[in-house]
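Listed after this line are the structures, all set down as structure tokens.
One chain, chain A, links the two complexes that follow: it is found with chain B in the first and with chain C in the second.
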Partner chain A sequence: MNVPAWLARLFTIDDGVVEEPFSLLEDRPGQAQAGADTGAADGAGERNAETDKGGQGRDGESAGGAAPDAGDRAARADSPGQADSAREAGAEPGEVEVIRPIPLEAYIRQSAQASPEKSPEAGLEDKVPAEIGRVRKAVEQLFHADVNKDIVIREFIIQAESRGQAKDGKPAESQVPAEPRGHAVAGGPAASQEPTQDGSPAAGGGKKPWRALAVFVDGLVDKMTINTHILQPLMLLTAIADEPVERRLQTVSEALLPGNQVTKFEDWKDIVPGILSGCTAVFVDGSPGALIVETRGWEHRTVGLAQTETVVRGPHEGFTESFRANTGLVRAELRCKDLITEMMHVGRLAPTDVALMYVQGVVNPKLVDEVKRRIQAIDVDYLPDSGLLEQFIEDNPRLVVPNTLTTERPDRIAHMLMEGHVAIFVGNSPFAIAVPVVFWQLVHSPEDAYLRFPFGSFLRLLRWLALSLALLTPALYVSITNYHPEMIPTDLMLAIAGSREQVPFPVITEILMMEFSIELIREAGIRIPSVIGPTIGIVGALIIGQAAVQAGIVSPLLVIVIAVTALASFAIPNYNLAFGVRTMRFVFLAAAAVFGFYGLTLALCWAAARLAVQKSFGVPMLSPVAPRMDTSKDVFLRGPAFVMNQRPVFLQTQKAWREQPASRPWSKATMPNALRRFGDSVRSPRKGGKH
Partner chain B sequence: MPRVQEKAHVGAKELTAMTTVLVAIHVFLDYPAYVSKYGLEAAWMEPVVSGVAALILFLCAETMLRRYFPNDSIVEVVRGTLGPWVAACIALVFAAYLILITASIMREFMENVITSVLPATPILVVGGLFILTVGYMVHTGLEGIARVSTMAWPVLVLGVLALCLLTINYWHPYFLVPFWGKGPRQVLLGSANSAAIFLNVLLLCVVYPHAHNPRDLRRVGVISTVQTVILLTGFVLCYHMVFAPEETTKLASPMYAVARLIHIGHFIQRLESVFVFMWVSAAVVKLAITLWSAAYLLAAGFGWPTYRPLLPALCLLCLAISLLPHDVASAFDLHGDVLMRWGWVIAFAAPLLLLGAGILRRRRERARRA
Partner chain C sequence: MSNAQISRFQLVIVLIWSILGTGIVTVPFVIAQFTVRDSWITGLLFAAGGLISAGVAAMFLRALPDRNLTSGLIDAFGPWLGRMFCLWFLVWLYLINCTVLREAESFVSITILPETPEYIIGLLAMTGISYMVYMGAEVLVRDGEFITPLALIVAPLLFALSMQHMDVHQLMPVLAYGWQPVLRGAITPDLTYALEFLISLQFVRALRDSQTLPKDIITATAILTVLLTCVLVITTGVVGQSTSYLSYPVLETVRSIRVGRFLERLDTLYVMGVMSTVCIKLAVFHYAWCEGMKDVFKLSSHRIVAYSGGLFVWAGSFTFFRSTQEMEHFIAGVAPAYFVLTLICIPLLAATVMNFRRRAKR
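On to the complex of A and B.
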């Protein structure tokens, strides 16, 4: 039924601001009036939402210009073809284009058809042209050199001359003056020495100048390397005979570039990522293709202490924001010829390097294939960090318990690789991912292995206790005080009752207030500038401790409960698991607040059942406990290093044994045990992976 | 015909834990009081006698299955020998019994919760939450239940052990004499009437094809039965040493009564709430196993590829049936006088008869072919 406008107005807020919501887009004349006429706020809202959606597409186009997949945000949200057709049809600004949903398959097909047209490589050949002028144009087009100021295109001359002349000792630099870098060279001195098309000398007796081009990204490269290892040898120290044009690039690679990594590519698709990753591309006139010279050298944090996984005993270094440094750190730790680093790229607009590390011959090949399959399935414009990759590849991202292990410690990754895990490095993320992971590993710390086993076991016990406390203490407190006070000895109960006498709130309100305060302090402690960081501790202590108790808002016992809970949560070594515990604590708190121990137990049963069927890359997360598997004693406690001689069974590795069954053959204390367990075969050395 | 949950495979250790929990959970229910009615001071003998009988019957069933029907569950055996209609009927009977068991134990459990932990909470809420949890666990499948059982098993054992040891200062060994209690005949009668708690015979006939290695099932049956007998006997002994013989027959929740007595110094006392944890978790696992078995049997009997669509209906059915008895007394009577007393027909007699019939049929067919 249509409600008359005058009647509708009586029941709506008569406010001009509501009728004309702020928008970056120019509204169609009379739109506001139309909105008022209908009198339906929801309808207006929907219209505005649609208008905004259309606007985003246009913004994308205008801002992106010729950028790859310009306006693709709108296209991804709806349909790539439809957004474009709407723009091409010259739709009025603000006009609502009704876009019908299409099936996913059709969307993918349309995207695949649409993307080549929008590609910056449109109109370009796949192969690098031989003529240097065309190369320059192509590079400028590819990297939007007219507006992009950190792409450096350095044009120069390689003075090829007869060997006889070089022996005369005539310095080549006298022929080619130094040039300023960048685009300014376009009309510079090099251009003035334009050689003829057939490569004949333009000036000087026996000189055979080859025009060349160096392309790199300012800020990503080590300029010293470019100057001393590319430009100087090519421009100043050239002493080669002239070569046929098609061999020039090979000659430059073999005789003139002293860089340690020089690779020849002929396709733009190989060259562009190289330039974007900090290498320098060298093009030589007449030779199709380019030499990609390793010149990476961007600024990054040096290898420092691990920030979130500190230990007392053991290596202290952590990963940093340098991809190669990170893989190198693992290599330095694990000097194994079978350690494989496979490279992949994720991201359409801005490919991010992703490295897969594993030990060939140890790891289960199916695991490697599965990891690669999941990574290759990621289709995004940009993948900034390992935290995002983790969400794309893990089995169940909705589960509060992480399905992957994230670490910033090279030694931990090295250890896990030797166990048969696969490590994943993402771009410049200082965290590496190890898969698969079982729940128990999330409570392990590398230090457990470095300490003698009784101490390692003690630490683990402490951490298990901490995990239980962090998860259940507030819930238990609420249950006991609300539902089961008979458990508390009379004296203690009277003391608790006395301390709560002044508190006007129910226990659950008290706990929620305190938990909220703790979470607030924790979050503020991370975000606050480090200069005033210590203040937060003082403020927190004042608020939570003394002031809250004195004001009668919370009871002193509760302060202890919350403090113990917070301390316990800090003792959980895995940051992601700690988050999960923080979240689940509130779930258990709610269950306990409503149904006491009964509710708490039912919630625990739900959690246990959920976790029992959860898998991480094909491995049940509760193995080797449930399902039970006979494996080394490295689950709840830490076994002696000389007893844990098998790799985890759940990883189904190619080699089951990682050390001799009797790794202390000289010891009368341990050898009898080994003999009892494995028989006389332990006296002979290990052969391959079988025992 | 595709088998229900075809890919689910469970290891021997998980199966052992599962079958142990399935039977041993009865220490937390009215089983100790039930056996006390027959044996009084000698009630502890009843689980031993029942266990030995169950073990013998299990070994017979396992031998028949292994020798004649390898990799077949009881329903598949019946379908193969007596036809699909009979298989469906048999599955229906088994499932009905398991649903009744689930509902009856659930009612007992709900009454215990209301009496001891949540006196002001409506029984429907207590039961609703409980069956939701059980339903979710069944939804996770055989592997989920088996894995949770593996984790619950040590909790159960430790709980029973703690319960027995923490009441050591109330133990009166002379409560256990006279040795034969009401007499051997009554002990045997009580053993026969309470033998139906050993549902592991039926369960192992159901999960036979899902074992990683069916050859392990004999070991699983033996170990789980022995463990169960030890736990039941231990607790009944403790219970009888703590309470006077006549009193033991009257307590509705023996575990709760024993736990209430705990007083080891000033700070270790009144720990009955702590035992709620293991009591509830063990009950969830037990009922999840019975409900899963019911759903599985129905699906297998009627040839459905999955049992999951059945779950909401089965959960609701269990809850509804559990609320049928008017009061606590009728609920306990239904469980004790009907399901426990006649449960052996379904738990032992039916599987053995069906397997025997299957073997006869198969032999006859072979003879005819020859």
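On to the complex of A and C.
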């Protein structure tokens, strides 16, 4: 029975409508064919649309629609060869292809063997050729210079003279070799220079021109440095005697390049990262190898205020988006010859510099080895920021409490390094990571140390209170109002009941609505342009504070509860911990909503148990409280600077003491205490090493 | 637990919380059944029970050094008879776990969550405790350490605040009815709670230095004796003769705290504090049970029975004790003899047999 076309159309879905216009997946042959067929169908015009649908369109479907399917099946074929045959067979719909399933491991192995496409890094394993033409080709290939327009390959001539002629200082212009006198591939300044000679090294009688190549990445380098410290001396100020071919690079390095850091490498794997990190590679014809000249000079934010860890007393500068500036800031703080900066690279396609900083002789060597081991285990194409590295190396990334400490303050890193921690810098991230960390340090602020100890202790107590409030206030409110109203005075209880009289929602709904609003304002406040940000903040507060109460959606007391909670959460000095508190607050809220104080207590026990077993790089997160260790008073409170004699015990440092047991020997106020604690030994000066 | 290393400090702390967890709830009530005015003398006698425990631990460890109780029993009595004794010990441990959980359920239900079914309260507690046990011995002892600073802040505050209603005359006259009620009242604290110190024999393998265990028990005994005596003095001084009618006399003492018109009804906070210590106690006992199961049935890890055992304890808490009265009867009437037999006779017998076998070998 023939179905009328109009009726068939009603029940037919045009696949062209849902066809993906773009896919990151590789084009399959069948798809390409289908596309061609569709194009043909389109090309046929609409004059005979129905015919196309029914005839050519169907052909297209059979050729194009069946082919991808066959391709998919072929992908699971026994071997790539079979896959190809299956793909070909897909063009002939009449044939039935029998495909046997194979284990996944075997399939992966076969696929890997079937696609022996040359890795782009394969060339990196090679040595640098001596001949400059080959060098140029290799560079162009490595950096895809035909399409890559910010890679500059600057070809030039170094004028060398025969011995004896160099002294007169009169190079004959006519003998200047003229072949590529200067040629920039990507808009280099010498692109207009035309070749004048064949460039043969032995062309002139007294002149011995050396062809050379400078390669750098436009935007990463300081062009002035390249012009004045590389090109100018090599091209214009050259007056040296000719050298044997194999010594040319050495001569250039020793006598012609006034750069402060010049290193010779012979392998592409050393040279390419150098170029990509803003250095300039100088190749000289005849010498296998290159000189990597320090010319880094990309644009970055200047060193400014620490954005998330501001203090009143103490240094104000923070790290910036420059790797060397960051390590330099720490060096500037910590002028210690034992401060080690080890370099590592993470990332296969785009290696990111990772620096490990520690103080030799203080830090536990096992800790350094462990940090290195974890970083070396990272195998990614690209590592953009310290936040990602943190997730790769921390003990338990699923824990809401951070296992590492991230900071943007050089002074804090310097202080932690001297305590025996290890600092990690990742690429141009403005945050450095310090490991290991204990829970208590997350509530510390650098300012605690700069202030006198009573004030530092006071601030810490305030922060502990803020942490508790941020974590527990909504849960306590729910518990008290729902389960334990007897806990609060009768007057207050009546006031709460009165304020909630008009509110139609249960307390937990009220709180969740308000918490959601606050979280929304916080999140929006980050993204809103700074010009209208404060306005939105005020509007948000008005909405929550006034309108919501007036509308009878929430009670006035709850607004205070939520406001206090939000305020307290801002007092937590560590951004990651603040996030943990924000999320855990909802867990405690749920526990309190279901079981009141009992649920809250069990949730706290569970959290304590989880934290008690957690370690950060081998250090229990709750030490030195659990397990208890005798250490300086720097946990809940801040001890006086002159009694913080010892480094944290949990770090197991090589040197336990960081200051004299009696650091105020002239003081009648403190010396007796020191004598009581340490005996007469405090009168003698502290020896190096372990006390 | 093989890798866990418990320090002496941690052991003392965890022993204190293990005894005090339910001790502070039940001991004043049990003593008040015999004497009220002289209850503080009964508290002082707690030291005797602690010293007995220390002595038993010393003898056991001398005969079977570096062995926990279950593995020591197997070594001393041989694989079959030893396992029979171990099973006796494990059944005892299981019953004690059920008792403690039942105590906790009743306590929470009566004091702060009267509407919530007790089995839900117990299930919730046992889930958290099983998790702690699953995580290992380190978690238990560190949890104990963690709450110690908080307790050191809160407990003296509660003591000080409750002192305002204290009437010293409630403690007079001393020994008006002679020593008999005092000694009868001391039976449960001395033979039940003080012998619970011997649960530490199940942790011997995890201790840094097992030979110091008896000393640590003595330290914990001294601290607990002082604490219990203070609690009993204040409770008697504040609540008076009514103590004998109350299920939770210390709770009443805390309830009496009132400063101005705002600071009052701190009993909920007290209940939460007690619950956190009960959690530690249950975790310690449940862990000991899991370790015993591991030794007896040659399990690869205590974790295998951590959750299932927790469920077992939860079920037992209702099956064995249908009502609070049954549980109180067990604690006051049955437990002392059961404790003496299990925690004194069996370890001493094992130590004696081991010594005899050594001599026989010579």
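Basically, the second predicted complex is superposed on the first by the 525 of 691 C-alpha atoms of A that agree within 3 Å, B and C clash if a C-alpha of one lies under 4 Å from a C-alpha of the other, contacts with A are read in each partner's own complex, and residues count from 1 in each chain.
We take it that contacts are C-beta pairs under 8 Å (C-beta built on N, C-alpha and C of every residue); 3 or more make two chains touch, one makes a residue touch a chain.
Since the model is a prediction, treat every value here as computed from it, not as a measurement.
Visitor: Do chain B and chain C fit side by side on chain A after the overlay, or clash?
Guide: clash
Visitor: With the two complexes superposed on chain A, say which partner A:A626 touches: chain B (first), chain C (second), both, or neither.
Guide: Both: A:A626 reaches chain B and chain C.
Visitor: Considering only the touch criterion stated at the top, classify A:G596 as touching first (chain B), second (chain C), both, or neither.
Guide: After superposing on A, A:G596 lies in contact with both chain B and chain C.
Visitor: Is A:I560 touching the first partner chain B, the second partner chain C, both, or neither of them?
Guide: Touch partners of A:I560: none, neither chain B nor chain C.
Visitor: Which holds for A:A377: it touches chain B only (first), chain C only (second), both, or neither?
Guide: neither
Visitor: Touching chain B and also chain C: which chain A residues?
Guide: 483-484, 486-487, 489, 491, 595-602, 604-606, 608-610, 612-613, 620, 622, 625-628
Visitor: Spell out the part of chain A that touches chain C in their complex, as residue ranges.
Guide: It is residues 483-484, 486-489, 491-492, 595-602, 604-606, 608-610, 612-613, 620, 622, 625-628, 636 of chain A that touch chain C.
Visitor: Contact residues on chain A for chain B in the complex?
Guide: 479-480, 483-484, 486-487, 489, 491, 595-602, 604-606, 608-610, 612-613, 620, 622, 625-628
Visitor: Considering the complex alone, what residue numbers of chain B touch chain A?
Guide: Listed in rising order, the residues are 10-11, 13-14, 113, 117-118, 121, 126, 129-130, 133, 136-137, 140-141, 143-148, 150-151, 266-267, 269-274, 276-277, 280-281, 284-285.
Visitor: So in the complex, which bits of chain C are touching chain A?
Guide: 7, 9-10, 108, 112-113, 116, 121, 124-125, 128, 131-132, 135-136, 138-139, 141-147, 149, 261-262, 264-266, 268-269, 271-272, 275-276, 279
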